[in-house]
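Same chain, two partners: subunit A is paired with subunit B first, then with subunit C.
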Partner chain A sequence: MKVKMLSRNPDNYVRETKLDIQRVPRNYDPALHPFEVPREYVRALNATKLERVFAKPFLASLDGHRDGVNCLAKHPKSLATVLSGACDGEVRLWNLTTRKCIRTIQAHEGFVRGICTRFCGSSFFTIGDDKTVKQWKMDGPGSGEEEEPLQTILGKTVYTGIDHHWKEAVFATCGQQVDIWDEQRTSPICSMTWGFDSISSVKFNPIETFLLGSCASDRNIVLYDMRQATPLKKVILDMRTNTICWNPMEAFVFTAANEDYNLYTFDMRALDTPVMVHMDHVSAVLDVDYSPTGKEFVSASFDKSIRIFPVDKSRSREVYHTKRMQHVICVKWTSDNKYIMCGSDEMNIRLWKADASEKLGVLSSREKAAKDYNQKLKEKFQHHPQIKRIARHRHLPKSIYSQILEQRVMKEARRRKEVNRRKHSKPGSVPIVPEKKKHIVAVVK
Partner chain B sequence: METAPEPGGDVPPKKSKLRVQRKQPTLSSCPQAQDPFPGPAPVPAEAAGKFRRINKSKQLPHAKAQTRSRPHAKAQTRSRLEVAEAEEEETSLRAARSALLLAEEPGFLEGEDGEDTAKVRQADIVEAVDIASAAKHFDLNLRQFGPYRLSYSRTGRHLAFGGRRGHVAALDWVTKKLMCEINVMEAVRDIRFLHSEALLAVAQNRWLHIYDNQGIELHCIRRCDRVTRLEFLPFHFLLATASETGFLTYLDVSVGKIVTALNARAGRLDVMTQNPYNAVIHLGHSNGTVSLWSPALKEPLAKILCHRGGVRAVAVDSSGTYMATSGLDHQLKVFDLRGTFQPLSAQTLPQGAGHLAFSQRGLLAAGMSDVVNIWAGQGKGSLPSLQQPYLTHRLSGQVHGLQFCPFEDVLGVGHSGGITSMLVPGAAEPNFDGLESNPYRSRKQRQEWEVKALLEKVPAELICLDPRALAEVDVATLEQQKKERIERLGYDPEAKAPFQPKPKQKGRSSTASLLKRRKKVLDEEHRDKVRQSLQQQQKQKKAKPEGARPSALDRFVR
Partner chain C sequence: TREKLVLSDLLQSVKASSSLATIKKQLTRVKSKKTVQLPLNKEEVAQIHREVAFNKTSKALSKWDPIVLKNRTAKQLVFPLEKEQATFAPLEHVLGGWKARTPLEQEILNVLHKNKQPVTDPLLTPAEKASLKAMSLEEAKMRRAELQRARALQSYYEAKARREKKIKSKKYHKVIRKGKAKKALTNFENLRQANPSAALEELEKVERARMMERMSLKHQNSGKWAKSKAIMAKYDPEARQAMQEQLAKNKELTQKLQVSLESEEEEGRMEEEELLVPDAVNAIQMKANGPNPWMLQSVTLAASEADEQQDPEQLPSEPTAGEDSESDGEGSAGATEETELRELEERRSLRKRSELGHAAGARNHPEAQDTSSQEVLLEVRRLAQKLPKEARSSQPPKGSSTGAAPPAPEKEQAAEEEPLLLQRPERARTLEELDELSGEGCCPNLELPRPVSQGLHAGKSPKNQPAAPKKKGKAQMIDLHNLLTTRSPSGKSLAVPTTMEEEEDEGEREQKQTIKEAFAGDDVMADFLREKREAEEANKPKDVDLTLPGWGEWGGVGLQPSAKKRRRFFIKAPEGPPRRDQKLPNVILSEKRNIHVAAHQVHVLPYPFSHHHQFEQTIQTPIGSTWNTQRAFQKLTTPKVVTKPGHIIKPIKAEDVGYRSASRSDLSVVQRNPKQLSKRHRKQLKKNSPEALEQ
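This part shows the complex of A and B:
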C-alpha cells in the first residue's frame, strides 16, 4: 500500500513575524474561482457607480479679464502657461499651477481676435480689431521697461484668425483672404482667396505642415497648400462652419464646428462624405480642439456647455456645464491630455479634468492596478443595460434638457414626413439619404 | 507535448523549428555558453485549455452585415474579435505556465498490484501517514444527543455539528479548539456555517436560528419554520431553506430579507443540495424527480426523473458536471448536468445510500446505514466509477450527515454515535487560492475578505443554469431590437443593397449588357439559395434516427 495524505506545513502559509506581510498563495485554476462572470459584472457595476460618484471635473476658475474671453492659446513648451485674449483687447498670461495671472497686456483696441504662440515658445502673436498683427515676447519686460510688442504689422483689413506654422518662422492670418507671412517681413508672402467672403479661422496641419484649412462665412471649408499659389479644394456645407481643428495624429483628418449644432469629422481625401457627424449640442458649436492623442476632441458651444466626443462616435461621452458659465467661446485641450480649458462670455477661464472621475496626484502602484482593472471591467460590460444606464447618466441644465427633447420631437416629425412621402411616391423617387450626406452641399476642386 | 532535453546530457539540444529562435548572447568570458532550453517553456495543451474562456468553435450569433454607410463594420468586428482571441490565448498560456509555482501535490492511495484499496482500513492509513495527517482522524463519541448533522466552513478550518437532541457545537477541528458548545433544547434538523466561521445557521424544530461563534443567538427567523435542510450560497449571500411545508425559501443573510419563497408543490422537502458551479438548488422529491430551482423563477428550471420511488439523496460535484442521486429503489445514479441530464452510470447498492457527497477532486461518498463507501474516478474531476469502491468504512452508528472537508483529505461523517473524521487521500484540492478561501487566514485577513465579498455580492436574480450566460450575446433581445429599428426607420439599414451594375468602359455599358450582368448576378444568388435549402433538407433527412422503421404514412411526408 502506497499512501500520501495532503499535509501542509503551516510555516509555508503563515507569516513569520508581525513585521512581515501576509502570505497569499495564488491558484488561478478556474474551478477555485466560480461565478467569474457574475462577480466581474458586479465589480463592473460597482466601478461604474464609483466613477459617477467621483465625477467632479471642475477644477478652477481663472478670473481677471474685464470682458468676455475671445481666444485661448497653449504654450508649446510649458504645460503651466496659458494665454488668453479678451473682447476688450487685453491679453493675459496665466500660470495654471498657481492659478494666477502672471502678466497683463493691453494689446489691441477692440477685440483680440486671435492669439497663437510661436513653435519654440519664445514669443506669441496677437491680432485684433484694430487691423494690426503684433508679436510679443513670452517673457515680461524687465523692471522699468515699457510693455511693447516686438513687432507690429499694420494691415489693410481686419484680421479674424491667426495660426503659426509648426516648424518654420511662418504664420497665416485670415480675414478677407488667407495671408501667409514670413516673420521677418511686413507684407504677406502670398495671399489666397476663393470667392469674396470673410474667413473666420485658419489652421495649420500639425503633421503635413504645409497644409492649411480655413472656414468662411459663405458656408465652405477651404484647404490650401502653402507651396502652391491657389487653394486645393473646398467643401460647402448647409450652414457656416465656425472653426476647424486638425487631428494631431492623423494628418488627413480634421473636425469642423458648425452652426447647425453638429460637428463634422472629415477625411480631406474624400470631402463628399464626412467620416462622422457628431450630434449632441443644442446650439451653434463655436470652437473645437483635439486631445494630443487624437482619439477625442472637445467642443465649445453657444448652449453654455462643452462636450467631449470620441472621434469615432457620433454621441458625446461627457458634458460639462456650470450654473455661472455662459456661452463658451473658446476651448483648448492641454498638451498633457489631462485638462481642458474653456473661455466664456462671462470673463472667466475654467479648468476642467478631461477624465471627470480621475484621481489627481501620484497614484500608488496598487491604485494604478485597481484603476486599470476597473477600466477593463467597465469596458467589458459597457453594453449591459444597467451599467450603460449608470455610465450614461448626466445631469443637464433645464434649458439644455428641454431643448434636447424639443429637437428630438422636431427630428422625429421630419423623419416621419419623409417616410410618409416615400410611402406615397413612386418607388425610388424619394431616395434614402444617410445622415452623413444630408449636410454636404457640394465639393469643389 | 514537447519535451525538453536533459540539461547535462551529451546529446546536443534539439532545436524545434516551431520555437522562436533566440539570438544567443555572446559572452566573452564563456564563449560556449548556450541556453539549453531556448524560447519560452512549453505548456501542455490540455493545461492551457483549462484556462481558456472563449469557445472558438462557437459561431457568433449575429455578425453584423456590412452596409453601404459602414463598409468596414464586419471587418472591424472581426479584427476586434481576433485581437481578443489572441489575448485570451496568451493569458491562458501564462496561467497554465504559472501552475508550475503551485507548491502542494494531491494525496493518493494505491494498492500493491492486486491489492484492493477498499480493504484498507482507516487504522492502516493512520499508521502509514505522518503525525500531522494522522491527527486529522478522530472520533467524537457523543451517543447521548444522537444522530448528528455537520458542516465545514468554506475554508475547511472549522467544523460545526448539531445533534437531534439539541446539542450544537463548533470547533476549530485542526487544533481541536472548541469555539462554542450549547444545547438549544430543541430538535436540530440541520446546521450550516454562513459565509465565515463567525456565523452559524441552525434549523431547529420550529424556526431557523442564527448563532455566532460564541453560541449567542443573534436571530430567530420565524418566517422560515419547520426547516429540514439548509444550503448556503456563498457568492450570493443566500441561505436556502427547504421546509416540511414544501417551501423553498431564500434568505439574504447580508440584509436579513427573504428574497423569495417558492412553493415546490411536491409535499415535504427533505432532500436538498446546491450546485456549486451555478448556485442552482436541487430538490429531491418523493415521486423520484429532482427539480432545479433558481430564485428568479417561480417554476423549476428543470425536472429530472431519476428513480422509481422517492429520491433519498442528491449531490452535485464542484464543477457542476455530475449529479449523483440515490433513491428508494436502492439505485445510485450519476447524471450528466451539461444540458442532456442523461444518466451516465448506475449501480444497485444492497441497502441504498441515504447520504451523498462529492469532494473537490470529484470523489463520491455515500452513507448507507452504518457504512460509508467512497468511489473515485481516473483523474481530477472525472466521472467516479461505481464498480469498485475506493475506500469503505464502518461506523459505530447510522450515518446522518456527510461532508468532505474543503482543502483537506478528510471526510466528516455525522452519525448516531457522534462524529467521525475519516482520512480520504486524494479527496481535496491541494493548492488553495489565498484571496478566495484561505485556511490559514488571520482575523484581519478575514475581515478584509468579508468586506470585499460583500461588495461583490452577486444579485439573486443572476442565478441560472449557465453562469457564463451574462457574458454572451443576448440573441433574442438583439433580434427584437433589430425588428423594432426596422419598424421605426421604415427600412432595413443593414439590408444588402440589390446589385447595381457599374458602368464600364466605353461601348460596354449598353442597356442590354447592363441588364445581362444584373441578371447574371441575380441568377447566381438565386442558385445559391436553392443549393443551401437543398443541403438543409438533406441534413434534416440524415438527422432522422437510423433504426426507425419506415411507416406507411411516410409517403405523405414532404
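This part shows the complex of A and C:
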C-alpha cells in the first residue's frame, strides 16, 4: 500500500538567513477573506462567554482570627506578606503563598483600630482602643524571647486611624485631631485640627508625601499639608465618609468611601464637584483601595460584597461575594496588581483575583497573544447588546439583588417627584442639580 | 458736644524753650504716625493661612497635570514604572562563578594557563603588571624629554611646509614635483628588484588611481572652465594650450600601465593582443582580479559583443579609415570641429608619447609600444565612444544601403509573435527606434528574431561600422524577466500531454453529465426569477378599494356597485421608491427590517464617538491575525496595561518622570517651623510627655 504523506519543500518556508524577511504564507487581500465583521463578532461573543465561564475569582480564605477583621496592611517589600488586625486586639501576619498564618500577636486590648507598615518593611505600627500606638518588628522574636513591641506610645485619647509616611520616619494618627509623629519621639511633632470632631481615618498622599487627607464623622473630608502644618480645605458631603484613598499614579486624585452607598473621586484642587460618583453598592461603603496602576479601585461594603470600579466609570465592572462573607470591613489591592484581599466581619480574610477570569501562572506566548486578542475583541464589540448583556451579567445574592431593585424604585420615585415639583412650580425655582453636585453640601476654605 | 483735646493745642502752649525742644520733636513724630489697626481674629487669620497654603499646594500639584494626562491617554503603560538601574560590576566579578564546561572551553583555559594569561581576577598579565609598576622617575623624565623633542621637530617641520607652500614660483614647484616623480620612479625600480610582490601592490595602487580618474569627470574638458576655454580655443593659442594640457593630463592618468613581471616574450605577445583587442577586453582582464566583482556581469556581456565584433574588426586600421571617410561624407556641422579636435588630440598624443616613452622606459616598458600603434588604439577607443552618439544624431544610413534591409523581416516576425507590440502610431523604422520602444516597456520580446538579423548583418555588411553600437543597443533589450515569462508556443505540440488533456476533458464531461442528471427536475434560474417577482409583488404598495356594495343603491347577488362609485372610492397606491435590486438581476434585496438582526445591532451611538461613521469604521477594521500580518496583529492587540508578575508596583515618583524630587525632607521642614502648635496643644503635650516617657 502506498502511504501518502505531506511533503513540503523547506525552500518554500525556511529563510536562508535570519536577516531575510519572513515569508508570508498567507494572502491578506481583503477580497479573499470576506465577512470580517461577522467572524470577529462571533469571536468576540465566544471570548465574552468564555470570560464568564472562567470567571472564578475566589482563591483562598485565610482563617485564624477569632473576631472580625478590622484592618489590613500590605508589606511594602514582600508580595507574600499581609498583616491583619482583628476586633479582639489580635494582629496576625500571613504568608499568601502558603496561605498560612506565620505570626500572631496579642497587640491591644479591644479593637485593633489601625495598622500600617513602615516604608522599608522593617517594622509596623498598630493602634488600638487602649489609646496606645505600638511599633512592632516585622521579624518575629527569637526563640525564648517574648513578643514585645519596639515602642509603645500612650496617648490621651483613642486613636482611630494610622498611616505611615511613604519616605520618612514619620507617621500620622487621627482621633480628635491629626497628629504627625516622628518615630524617634514620644510626642507628636505637629497636631492639626479644624473644629472638634472624631476623625475616622487619615491617609498620606503617596506621591506628594507631605499631603494628608482625613475624614471625620461630621461628614467632612479635610486635607492637610504637613510641611506648612495647616489644614488646606474641607468639603462637607451629604453623609459621613468612612475612609479615603489616594490614587498612587495621580497625585491630586483621591476617592472617598461614603455612607450613602456611593464613592466619590475628587480632584483635590477642585473639591466642589467630584470628578466621578461611583454608585453600585446598596449599603454603606466601608473601605476603598486603589490598584497600584491607578486605573481601578476596589471598595468594600456593608452589603457583604466588594466591587471593582474603573476610575473613570461610575458603574462597577465586577462584584465579588460569597455566601459566607459578611460585612466587609477592609479591603486591599496587592502591589503586583493581581489580587485583592478583603477582611470581613466573620473573621476571614479572603483572597480574590483582580481579574476574575485570568489564568494564573506563566502564560505561553500564544496564550498571551490569544488573551490580548480576546481582550481587544471584547473591547471592540462591547457596545453590541448581546455581548454587553453577557459581559454585564452577574449572579448576585438575593439580598443585594432585591435591594438593588428596591433602590431603583426609590430613585425613580424621587426623580419623578422632582420632575413633578419642577413642573408645578415657577420655572427656574427648582433648578436641575447634576448628580455630581447633589451630594456636596459645602466647601469650607 | 465736648471739645476734644488735640495734641497741637498742648504744643502751642509749650514755649519755644530749648529744654522742651526735644520733647516737642518727639511729639510731632508721634503725631505723624498712624494708629495700628486692630488685629484680625484668630479664625480669620487661620482661614487666610489655609487659603494661601491651599493655593500653594494646588500650584505644586499642577506640575503633575501633563503626566497624568499622558498616562491616561497612553496606548500602553508598562508597570512597574521605574527603570531598573543598570549596575556596573567589574568583569572579574561577573566571571567569578564561571567554570569551563565544554571541552573547547577547557582547552582555551589550558592555553591561557600555559601562556600565563590571567583567567579571573584582575585581567592583567604579569608582564603588564610589571610594566605598570616599572616606570621609574628617570624613565619618566626621559620619556618626557623625548616627547618634547618630537613635538618641537613636528612644529619645525610644519613651519617649513607652510613656508614652502607659500612660494609662488611655478618653476620651483615644477622642479620639486619632477624631483618627486623621479624619486618615486627610482624607488619603484628598487622595490621591483628587491620585492616584486610589493611592487605589484604599488602598481595596483596606480591602477586604482587610474580607475578613479576614469570614473570621475576630472580633466575631461567638461567643466565650466574647460567649456569657456573651448570657446576661446580657436583664437587664443594659450587657451588651446591649457585645454591640451588638461586633456593630456587625463590621458596620462587614464593610461593603462603595461607592466608585467613575466618573461619578455609573453609581454610582447600580450602587447600585440593589446593592440588588437578593444578597450572592453582590457576591462575584463583587469576586472578578473579587480575590486568590483559586480561589474563582471556587464563586462562579460561586453565581452560577448566584442567576440561578435571580432570579425569585422580584425584589421583595426581599416575600419578607422572607413569610419573617417563616412564621417567626412556626412559632413555635418559638428564633423569639422571633431576633426579639428582629433587633430589636436593626435598632436598631443604624439607629444605625450615622446614624453611617456621616456617614462615607460623607466617603468620597464618594452619598445613594442611604439607610438603609431598606440595612436591607432587611441583612435579606436575614441571612435567607439563617439559612434553611438553619431548614430543617434544622424539619420539612419541611406535607404538603399544594406543596413536598412534587415530590420523589416525582423519586425514582421515580431508582429507575428506579439500583435500588441507594434500598437504605435508610427512604425519603428530602425533598431534604434525599437530600442527606444523597449525602453518604454512596450517591446517585451525581441529575442527570437535577433539571430536572424544578426546573421544578416554579419553576412551582408561585414564592414558596416555602425553595426557594433546597434548590437550593443540590442543587447540591452534582452531582459531576463521577459525570457522567463514568454510562453513557448510549441508547448502543446508534445504528444503525451495532449492525450492526458483529452482524458481530463472526458472526465469533466462525465461529471457534468451526472450533475445534470441529478438536478434534472430543478430549474434554479426560473425558480429564482419567480421568487424575485413574488418578492417585488409582495413589497409593492397595495391599492385600496373602499366601495361598499349596497351603500346608497341596491345590493345583492349579481349586482355590482356603479362604476362611478367604484372610481370614487378606489384609492390608488402611490408609486413607491424604486427597488434597490432593480438593476441587479441575480439578487433579491429585502428592504424589510429584520428584527432578529436588530437584537444584535447597536442602537445608540456609544460615548466617545461623535458620528456613526467613526463607530462603523472601528467595527469594520478587523484586528485578527486572519486579516492582518503578524506585526500589525501584534500592534493592534497591544494591551493597555502591562504588569510584570511578581513585581511590586510602587507609586509614581517625581524621579520616574524626570522631575526633580523635593530637596528637603518633609520631616526637616516640619521641625523647622513648629509655629502651628497652639498653646492648648503644647499644654496637652507637656501633660502627655511625662506619661509617655514612663512607658
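FYI, the second predicted complex is superposed on the first by the 422 of 445 C-alpha atoms of A that agree within 3 Å, B and C clash if a C-alpha of one lies under 4 Å from a C-alpha of the other, contacts with A are read in each partner's own complex, and residues count from 1 in each chain.
Everything that follows uses one rule, which is that a residue touches a chain if its C-beta (ideal position, glycine included) is under 8 Å from a C-beta of that chain, and two chains touch if they have at least 3 such contacts.
Just so we're clear, the structure is a prediction, and the values are computed from it rather than from any experiment.
Novice: Look at A:Pro25 in the shared chain and tell me whether it touches subunit B only, subunit C only, both, or neither; answer first, second, both or neither.
Specialist: first
Novice: Now for A:Ile432: first (subunit B), second (subunit C), both, or neither, which partner does it touch?
Specialist: first
Novice: After superposition on the shared chain, which partner residues are touched by A:Asn337: those of subunit B (first), subunit C (second), both, or neither?
Specialist: second
Novice: So, A:Ser7: does it touch subunit B (first), subunit C (second), both, or neither?
Specialist: first
Novice: Could you tell me if A:Pro38 is touching subunit B, subunit C, both of them or neither one (first, second, both, neither)?
Specialist: first
Novice: Could you tell me if A:Arg422 is touching subunit B, subunit C, both of them or neither one (first, second, both, neither)?
Specialist: A:Arg422: touches subunit B, not subunit C.
Novice: When the two structures are overlaid on chain A, which partner does A:Pro248 contact: first (subunit B), second (subunit C), both, or neither?
Specialist: Only subunit C is touched by A:Pro248; subunit B is not.
Novice: Please name the chain, subunit B or subunit C, that touches the greater number of residues in subunit A.
Specialist: C
Novice: In the overlay, answer first, second, both or neither for which of subunit B and subunit C A:Asn46 touches.
Specialist: Once the two structures are laid over each other on A, A:Asn46 reaches subunit B alone.
Novice: Could you say whether A:Tyr373 touches subunit B, subunit C, both of them, or neither, answering first, second, both or neither?
Specialist: After superposing on A, A:Tyr373 lies in contact with subunit C but is clear of subunit B.
Novice: In the superposed arrangement, what residues of subunit A touch both subunit B and subunit C?
Specialist: Common to the two interfaces on subunit A: residues 22, 24, 28, 30, 33, 36-37, 39, 41, 43, 380, 384.
Novice: Can you check the complex and tell me which residues of subunit B touch subunit A?
Specialist: Checking each residue of subunit B against subunit A gives 50-51, 53, 68-69, 95, 98-99, 102-112, 115, 117, 120, 124-125, 128-130, 132-133, 136, 235, 276-277, 279, 318-319, 381, 407-409, 423, 425, 428-436, 438-442, 445, 455-459, 462, 467-471, 489-491.
Novice: Any idea which subunit C residues touch subunit A in the complex?
Specialist: 46-47, 49-51, 53-54, 56-58, 60-62, 64, 68, 71-72, 77, 79, 599-603, 606, 615, 618-620, 622-630, 633-634, 636-639, 641, 643-654, 665-667, 669-671, 673-677, 681, 684-685, 687-689, 691-693, 695
Novice: Mind listing the subunit A positions that touch subunit C in their complex?
Specialist: 22, 24, 28, 30, 33, 36-37, 39-41, 43, 76-77, 79, 152-156, 165-170, 177, 180, 182, 186-192, 206-211, 223, 225-233, 248-253, 268-269, 292-295, 312, 335-338, 362, 369, 372-373, 375-377, 380-381, 383-386, 445
Novice: Can you list the residues on subunit A that touch subunit B in the complex?
Specialist: Answer in residue numbers: 1-8, 10, 12-14, 22-39, 41-43, 46, 380, 384, 419, 422-423, 432, 434, 436.
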